Amino acid sequence: MSANTFGHLFRVTTFGESHGPAIGGVIDGCPAGLPIDLAFIASEMRRRKPGQSSITTPRVEDDEVEILSGVFEGRSTGTPIGFLIKNKDQKSSDYDALKDVFRPGHADFTYNAKYGIRDHRGSGRASARETAARVFAGAIAKLYLLQKGISVSAYVHSVHEIAIEKPLETLDLSLTEQSIVRCPDAETADKMIALIEKMRDEGDSVGGTIVCVCKGVPAGLGEPVFDKLHAQLGHAILSINAVKGFEIGDGFASTLRKGSENNDSIRNGIASNHDGGIQGGISNGKDIIFKAALKPVSTISKQQTTTDIVGNTISLEAKGRHDPCVLPRAVPIVEAMAALVIMDNYLLNKVQKETI
Amino acid sequence: MSANTFGHLFRVTTFGESHGPAIGGVIDGCPAGLPIDLAFIASEMRRRKPGQSSITTPRVEDDEVEILSGVFEGRSTGTPIGFLIKNKDQKSSDYDALKDVFRPGHADFTYNAKYGIRDHRGSGRASARETAARVFAGAIAKLYLLQKGISVSAYVHSVHEIAIEKPLETLDLSLTEQSIVRCPDAETADKMIALIEKMRDEGDSVGGTIVCVCKGVPAGLGEPVFDKLHAQLGHAILSINAVKGFEIGDGFASTLRKGSENNDSIRNGIASNHDGGIQGGISNGKDIIFKAALKPVSTISKQQTTTDIVGNTISLEAKGRHDPCVLPRAVPIVEAMAALVIMDNYLLNKVQKETI
Amino acid sequence: MSANTFGHLFRVTTFGESHGPAIGGVIDGCPAGLPIDLAFIASEMRRRKPGQSSITTPRVEDDEVEILSGVFEGRSTGTPIGFLIKNKDQKSSDYDALKDVFRPGHADFTYNAKYGIRDHRGSGRASARETAARVFAGAIAKLYLLQKGISVSAYVHSVHEIAIEKPLETLDLSLTEQSIVRCPDAETADKMIALIEKMRDEGDSVGGTIVCVCKGVPAGLGEPVFDKLHAQLGHAILSINAVKGFEIGDGFASTLRKGSENNDSIRNGIASNHDGGIQGGISNGKDIIFKAALKPVSTISKQQTTTDIVGNTISLEAKGRHDPCVLPRAVPIVEAMAALVIMDNYLLNKVQKETI
Amino acid sequence: MSANTFGHLFRVTTFGESHGPAIGGVIDGCPAGLPIDLAFIASEMRRRKPGQSSITTPRVEDDEVEILSGVFEGRSTGTPIGFLIKNKDQKSSDYDALKDVFRPGHADFTYNAKYGIRDHRGSGRASARETAARVFAGAIAKLYLLQKGISVSAYVHSVHEIAIEKPLETLDLSLTEQSIVRCPDAETADKMIALIEKMRDEGDSVGGTIVCVCKGVPAGLGEPVFDKLHAQLGHAILSINAVKGFEIGDGFASTLRKGSENNDSIRNGIASNHDGGIQGGISNGKDIIFKAALKPVSTISKQQTTTDIVGNTISLEAKGRHDPCVLPRAVPIVEAMAALVIMDNYLLNKVQKETI
């Protein structure tokens, strides 16, 4: 069991609560000799950090990463990379009233059921702040994958009922970062932003879907049975806060097609990609494409009725500073988790075929 | 990396190709003293086996399990349970023509890319025959869970465009096994069967969705970060052949709701269950409900164009005996994988809280 | 926890009790394309099997391995290698009287304490018969290592007080197999055999030490901290029945030397090897040399006093057919476990340095 | 592969080089609700820290642990315990001359062979400073075990040729901490101290043996096959810097006894303990006793000849501040590793027997 560790050959272990002194972790298994580009890492951290635009939480956190080991003279040494991200802008008093209350949709009740004790401040370990550590680890993985010609790019495909209607092939993913909502289609992005602002003003929240495209993944990555590549990706993506659904390739839509319509052929050049780049659990060299569904974030300012720890009915109005829609900030997290999976399988694949 | 092993405390390792002498595996970590009900195991195996009805493959295999170790005088001993299921009705000659051909939608090309060598007969390791070992392991897990008052029941929710339209609460899941398509709603089942027979006659195939309901799971199972209970379930279900999508609770539909509409409160008795029984990665005591999407099976009798190992274009017509729709036989596999995850987390939860 | 699984990238999982229908297991992670030399495997199995000479147990077992999967047209396919070794010459009735008795020095009491239930026949899972599966897995590992120029050779260094007195450098290890006691020094071997025959006739048993030499291991294998190469080797060797001690290089003798006497320099050609080929947990390119201590086997024919399951004092005289000295048959087991460790680390090392 | 992680249910992952900003790690799997006694932890850290007496290195480090997560209001929360120990008294310039030199007996050459890059300052990751993180994790494990009535006590049994000659049963282990050499026999301790001082003055070093006694361990802990309890202990202890040998119970001495002399009976009260409290890999309720051999520390001030990275012969005289004998400071490290193993197996044992 590896609750707070992810990966097999390239492994990240994380720790930290949102209102403790710091979060952080350890990356173990990074090959020695990889140039560690600090500017790239910082830019990835900025994509996830709070307060980055008018449609995210107004909390201010720099999310600066301190690397404590495993890097020497600009390169990885093969030894574990310890890292810290200090917590700075906590307002723990915001949470005093919540000490004994189970907020609807949150992990308050379930943590209490499991452990009998919890750090209630800012959702404690269940806070999405934990994902900052994932983005750092994902940045290291991306640096490795870039050297191999592999890129991982996600974007917001839909927010509530507003969805990109153009086909993926027609989108220019290099435009994603130009939009504060991280939607590469400008027209759709504007509508998404307007909706999120409306939700913010109403004290409500909305979810949506994120699509991720991995280009340059060679054929042959993944495992045949329990660890099919898309099963690993699904595990990774479903482990992100608020994610409630995962599809590889056409996913649920493929159930509405016949075999004769859905089968991807292997003919070079012409082939379809209903399977999303993975067949029999192993990459086939085409783009790996998957989609994640994120529910509306549970923290809202509207009044809600819930229960406290002794069973009293409670009327609750959240005071914390929260995101009306987490999707823009979830884009780099989705990319990070995908990068971790692909790097891990890239390394593994190096030892599975005898070349003598 | 645990390619052919699933689980942490309760682990199953499997082996076997569809046209070798046998498939089988090892269950490690089964608590000692569990009564092993062989009749129950045999009934589970029959639910998955080929040739069980007019809408499945006509291959005849008994799928009789030989238990080789780990059970003594009717109870588990705590030592590993080795088991074998012999392959009997193989017609390897059916596959001679496929030795160097990559069938569309199959794992032929990807196995070749990964390993440079493959047992092409009956899809080799990529054959769904491998799932018989999962159903056996799942049967052991179900025996354990039944003692704890936990049940795992799946059913076919949709086949192609034919779906149950009644709400889950109104279905009588005890009727599932009375239908050869394993749909508990008789009217819908009839339509599904008619469609599958049509596909069989046309030499085509269809997919669909399976819903699984786990009742009696206590609050507190699962892990907070990378191994959220639904991430483990997603991993398990996505590792089943043909599964291309996974949703926990309302999944993709929850993206169309606002936070104020979607949040599950903890009030006893009245609470909604949009989250599908898991919050923050940990079970909350309500029914765990998830849905899987299965693509139409890739093997069809219709003529298809593909490529062989040296790049020639090939016109292909499958000769093997296959299922026009795998969903009826996939129901027990989905249950098995869910049972493995829940048992594993049930065991783990025993050690996570100090009661002194 | 991986009780019945050994290894990380090259993993063997075993099952089986000595008096059940068969023992066996699964090898997962064998690289695809390795030629599987069945004659070599059979010869390794013969080195461990009972009844091979006048100084081993007279039980007759062929220890023939049936490979059930993972090998196609003479080569490994990268998928798991399932295998079986049937049990043939059991006399379970020999053990009827032992059902409720805890034999001194055995695992009877401890299994009962742990599991509350046990298969008492022939020591059940605690029987050294389990090691046949290790020898098979080790044979596969040796086939791989031989291709890389790595050999693993063990021999009996001492039996009770009789030990080889010549230095290791002067021994011809190719002579080991010419002696039924597997001691490469003929004169010492004769004395060992005479002693073992005396013990057999007295109904008693003796232990001794086994030395293992691994040649051709490249520098750089192993892990720096918890999984130092000699820690992994120690784990592997101490997991063999009857092993009670492990030394790498000079081991306990190095405590009697000063640092200035003990330090191995890196000067080519002249260097000493007190460290046994491993420094800081990583191989340095010299021969890896370790020694194991095996206690006298617990099963003896002499009368002993012990306790039964309800606490009565019992006078016991073993009836089973046993080895007066297990060392000759333990030599291939030691080699097998060492080969598993070295192969696993060889594979791992392929991914730990970035070569771009 | 878990190079920098130790344990299965109670896991510690560590990071850090001796001359980086800090070392630290993450403990995952600590049961929730455990009182965390900071004073006890600090006292354990002081037992390992440099500069504690006249016979250890004069480096001054406080080894103060900062706990960053996983503890709330004095108790563990079940979430990961992140921790840091800052490096303070480094003199990196001491190591400038060693950048391209391979010191005899050290990991310099092997790290270079493995990774092609290394942090040469203060031995980098290979520094025994890494063990401070182990002592912290071991302190948490000891707090848990103490609640269960289990204690783990080690002491220095021999230094070079000076060994305690009294039997273990006659020693008062509560005296161990009263001696700066951590030998509970005052007379022997004095001789050891005199020898170590002599070595320090000569610029040389000595090794020795440490014995560890675990009391109160219930019968039933451990695993039957590859993860026998003493195999796990051996792995743990052999992973400590400078350890070259491990014995459980009588170890190598048991090879000089016959079965009839060596077999431990199960009769309450009278029984011998040649097996050191473990039979068939599982604890039998008696004291668990093992011994470790530590080679003389490789860093000495005497002149030595070695090689640099380009193959030149180098005459070397160490300048760093080092211990002439590491055994006194290794005692708490041995205890820590033993405590980690026993706690891990204690937790595991909770789920292995069905009590219904």
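In order of appearance the chains are A, B, C and D, and numbering begins at 1 in each one.
Rule of thumb we're sticking to: a contact is a pair of C-beta atoms (placed from the backbone, for glycine too) under 8 Å apart; a residue touches a chain by one contact, two chains touch by 3 or more.
These figures come from a predicted structure and were not determined experimentally.
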Centroid comparison with chain A (C-alpha atoms), farthest chain: C
Higher-contact pair (C-beta pairs counted), C-D versus B-C: C-D
Euclidean distance of C-alpha centroids - chain A vs chain C, Å: 46
Distance from the mean Cα position of chain C to that of chain B, given in whole angstrom: 39
Distance from chain D to chain C - Cα centre to Cα centre, in angstrom: 26
Sequence positions of chain B contacting 2 or more other chains: 1-5, 8-9, 14, 29, 32-33, 78-79, 114-116, 125, 224, 348, 352-353
In the complex with chain D, residue positions of chain A that touch it: 1-5, 8-9, 11, 13-17, 20-26, 28-29, 32-33, 66, 68-70, 72-73, 75, 77-82, 84, 114-119, 124-125
Residues of chain B touching chain A in the complex: 1-6, 8-9, 14, 102, 104-107, 109-111, 113-116, 125-126, 130, 158, 160-161, 199, 204-209, 218-228, 230-232, 234-236, 238-239, 241, 244-252, 254-268, 274-276, 278-285, 293-300, 302, 304-307, 311, 313, 348-349, 352-353
Complex contacts: residues of chain A adjacent to chain C: 9, 29, 31-34, 76, 78-79, 144, 147, 224, 347-348, 350-356
